[in-house]
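Same chain, two partners: chain A is paired with chain B first, then with chain C.
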Partner chain A sequence: MTILIGIFEQGLIYAVMALGLYITYVILDLPDLTVDGSFPLGSAVCVALIIAGANPVLSLIISFFAGVIAGIITGIIHVKLRIRDLISGIIVMTGLYTINLIIAGKSNVPIFEATTIFNNDLLKQLPESFKPYRVLLVLIPIVILCKIALNRYLHTKSGLLLRSVGDNQNLITTMAKDPGNMKILGLALANGLVALSGAILAQQQRFFEASQGTGTMVMGLASVIIGIRLFARIKLMSFPLKVILGSIVYKAIVAVAIALGLSANSLKLITAILLLIILLIGEHGKREKAKQYD
Partner chain B sequence: MKTTMNREVITRMKHRVKRIVGHKVIRTINHIVFGVILSTFMLISMLGLAACSNDTRSTSAEADTKNEASQEDRKNESSQEAEQQSNTEKNVSNNSDKDEIFEGNFTIGISQFAQHGSLDNCREGFLLGLAEQGFVEGENLTIDYQNAGAEMAVASQIAENFVGKSYDMIMAVATPAAMHAYNAAMDKDIPVIYSAVSDPVAAELAQPNGESVGNITGTSDALPVEAQLKMIREIMPDAETIGILYTTSEANSEATVKIYEELAPKYDFELVTSGIATSADIPLATDNILTKVDCLSNLTDNTVVESLPTILDKAFAANIPVFGSEVEQVDLGCLASEGVDYITLGKKTGYLAAQVLRGEKTANELNFETISESFLYVNSATAEKLGVEIPQSMADRALENFSEIGVLK
Partner chain C sequence: MLELQNIMKCYNPGTVNENLIFQDFNLSIPSGQFMTIIGSNGSGKTSMLNLICGNIKPDQGKIIMDEENLTIMPEHARYKRMGRVFQDPAAGTCPSMTLLENLSLADNKNKAWNLTKAVNNQRIEFYQEKLKRVGLGLENKLDEIVGSFSGGERQAVALLMATITPIEYLILDEHTAALDPKAAETIMQLTAEIIQEQNLTTLMVTHNLKYALGYGDRLIMLHQGEILLDACGPDKSELKLNDLLNRFFEISIEVGNAI
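Coming up: the complex of A and B.
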């Protein structure tokens, strides 16, 4: 049971990050490597603020905007300075490593004793039987909020424009809008979500670690593709929901790989095989639809 | 004409087949067959890999026991006196429990952060220490060993997995693993024992006075920096600058660099440090730092230690000695090291764990421990190659004198 709770906790935290990647990879069709830097950026900002005594919820919001700034910088480098998308992401990611260290002060900052959204007086009053679920009790509303907000946004005028950037740039141009600005907006929003996810993680695991961004992008991308492929047939589900479920499935795969535990070093290989199997199961769905999101 | 005819016939045939069997079915079968073939292939390769790693593990264990045998006598002579004085309680339990299996059945989950010689030694020492205290793997002790491969997210899931299975104890090797284990087990009644955490106070795993912050205790591998500096001064009386390469994201290294900065002036050394972010930075950083220093000194920095062969190659080319922080590094070709012995550290951790498992004390009541004595290792082959002379007194004092350079083998 605890393992299941753990999977949901981790899956939901990283789901917020996966939503961000969904915007850049699927909607904008733009490979964004900033993520490996903006994820720990969210953690660093959040931990620094909490140590300074800020409100945990407020620090989440500020972390979001820190990510937005990182995304805008990537966007400006890519769109205005006309540097290739991959490289502009790499530039910002590389720079953020130092910025994160400056913000956090050192490479590993614990906040075991601090008040966080998962560890406060309000939650301590919960009856004993609810205690194991307290992280989920806080997380689920946050993730649902992110999902609804993203869904709503994608149906506004600006959201519809954003969606058409990835599909047909000429359409935007004919509507007298600048596709470049829409790209910057998308990157800002995506990295904001990624940083928010990093901030939530920092509050849950109760420390910041400079190297925690490594592999974020791979993890997020896997979640997005799992979600979209595995649930390709179910039309009632919106894409953001599929991405969230994909993230949970990804974490479940890792948990199964750990539980199987043939030998400690084979963990990654088992994860890879399970990933392949899951994707092949999802392949039964509509291939045409999934094809666009490869 | 003929070819186009043929093509037409073929396409028509294809259409007919598709109509009969169904396009979708073919595709699904294709995928399933392909998937099965691929996954069996990967499974086979994985089993092979697992078998291989088992082999290497057993051989390394053999080698270790051999090493142990040769080291044990000397170690016993030198360290037993100190141990007897410092920890009478331990010795009492040592004598009474030796070779006696403790009643009961225990399961310990070991979460190791990365694959790395020092950390492996730590884990092996831990099991040796437990065995000495009557907890033998396979008899009354089950070990679930997991390695996070230096990935934070995996370390967290491993810890949660252990908590979910309600193990009797979690043992965490290296700082990130310890922090994740503490966080996961915080609300549960599972004790966490850590090892190879350089600064438990900075990681908020212990209070500044050494007392535990919760159901957690362990051992620290803080480097004996003073002894190391003294040794470097003894071997190189004319040296002025010491260079240190370290990873800026490793808290252990940052803390140790600070101690170096404090103590270096005392021995008339000037410190040159170079921070790196990933192992890919090491070749360039090494080239750069070697132009500025008289010798290099290693920390227990995971990334730097993993790339030690590269550093040693470059240092040999520049005729600059590299001092290690652990026996394995001297074996590879470092000139000498005055450092922590991770097997001993692991054993000490095992003793702590045994006290908790026996129910004598809770992890909360035990202060974290450090190793006060340092162990000297020298490599005479490296000394010869570099034209450095190791004083006879040091060569006598050394726990082991290597006569081969590991990286040149």
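Coming up: the complex of A and C.
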């Protein structure tokens, strides 16, 4: 049971990050490596704010905007300075490592005693039998909120324009809009979600660690593709929901791998091989279909 | 009035691949004129459209649209008053979105891209009316993904999307070339109707000499960056297919393609 709860907790926390990757990888068709830096950025900002005594919910919101800024910087480097997308992401990711250390103060910052969204007076009043589900009780509304917000956004005029950028960039130019600015907007939104996810993780694990973001992109990508491929036939399910479920399935696969005796140290290797397998099985030439959004 | 003044454009200057497209090119298109443009490959037809639309920048010279200098204007800003349909039917639509979403996108051109709902249900009837005119049954496919449409259907959608908002200039870049003869005919007739209704100043590049003669009120023939033939109004009406073929033939011999 504890394992199952753990899978759902981890799956939902990283689902927020996967929603961000869905924006860049699927909607914008733009591989963004900034996420490996913006994920711990969210964590660092959140931990620093909580230590300073800020409200945990407010800290999440500010962390989101820290990610937005990181995304904007990547976007400006890519769009305005015309650096290739992958390189732009790597530049910002690398720079963020130092920024994160400056924000957090050192490479490992615990907040064990602090009040967080998972550890506060309100949750302490829960009946004893609910205690194991305390994290899920907080997480589920947050993830649902993110899902609904993203879904709604993608059906607004601005969202429609964002979706068309990855679909047919030329067309956006003929619509008298600069596709570059839309890319910056997409990157900002995506990295905001990634940083939010990092901030939630920091509050749940109660520490910031400089290497928290390593492999975020690969992990998120695996979740996005698992979700979209696995639920490809379910037409009524929206893509953000598929991505969220994909994140949970991904965490379950990793948990099974560890239960089968693979050491936790081999986690990144498992992720890498898993992603390769998924790409080989499902992805080949089906990218276009995955982009169809309903 | 659209004017190209003293345009000079050279690709890869100073290399073995140096390609001088235009040396001192001048052309002016009065408002409301429907001009067809013909010419062999490499004559500068598409380069001319790209210069006007801003995909490429001239090395020298100016492009003026109603006293507004386009030369320094970014590409996307030029499309505020301009629509364009490309040769590739896939270029004018978003394949992963539904027909309704595509039309809604186009319908919102020059308006605010804010956080209100993308699809306005009150406009559906208006879209259906436009689609009905095409005669391909598209009015019943509003919820289908445009990527699944045929080339002719997609080009019809692209044409509607380019002209659904009030524009003044329409750029047609061999927009019937990738279609089968029947679809090409449908699209060409629809194009002519729209141009006349909205009184659009139009530049149509085509390889179909029949269309070049049958449509529009001015025809120019380009060759190596120069205007070889410029027929307006009655002069154009008198032009015959054979006259054009003969001119092509002459050029062909000039450049050494003896038969």
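General remarks:
As a convention for this text, the second predicted complex is superposed on the first by the 262 of 294 C-alpha atoms of A that agree within 3 Å, B and C clash if a C-alpha of one lies under 4 Å from a C-alpha of the other, contacts with A are read in each partner's own complex, and residues count from 1 in each chain.
Convention: a residue touches a chain if its C-beta (ideal position, glycine included) is under 8 Å from a C-beta of that chain, and two chains touch if they have at least 3 such contacts.
Note that the structure is a prediction, hence the values are computed from the model and not measured.
With both structures placed on the common chain, the touch criterion links A:Phe112 to chain B but leaves chain C unconnected. Once chain A of one complex is fitted onto chain A of the other, the partner contacts of A:Ile87 are absent, as it touches neither chain B nor chain C. Looking at the shared chain after the overlay, A:Thr214 reaches chain B, while chain C stays out of its contact range.
Legend: residue contacts after superposition of the two complexes on their common chain; A:His155 is shown touching chain C, with no touch to chain B. Comparing chain B with chain C, the partner in contact with more residues of chain A is B.
Of the two partner chains placed by superposition, only chain C is touched by A:Asp178; chain B is not. With both structures placed on the common chain, the touch criterion links A:Pro132 to chain B but leaves chain C unconnected. Applying the stated contact rule after C-alpha superposition, one finds that A:Leu145 touches neither chain B nor chain C.
When both complexes are overlaid on chain A, the residue A:Leu58 reaches neither chain B nor chain C.
Touched by chain B in one complex and by chain C in the other is not one residue of chain A. On the chain C side of its complex with chain A, the touching residues are 74-80, 83-84, 86, 90-97, 101, 104-106, 108-119, 145, 147, 162. Across the complex, chain A meets chain B through its residues 1-6, 9-10, 14, 97, 101, 106-108, 110-113, 131-132, 205-207, 209-212, 214-215, 219, 251, 254-255, 258-259, 261-270, 272-273, 276-277, 280, 283-284, 287. Across the complex, chain A is touched by residues 27-28, 31-32, 34-35, 38-39, 42-43, 45-47, 49-50, 53-54, 112, 115, 144-147, 149-154, 156-158, 160-161, 163-166, 175-176, 179-180, 182-184, 187-188, 202-205, 213, 248-251, 254, 277 of chain B.
Here chain A touches chain C in the complex through residues 153, 155-161, 163-164, 167-168, 170-179, 288, 291-293, going by the rule given at the top.
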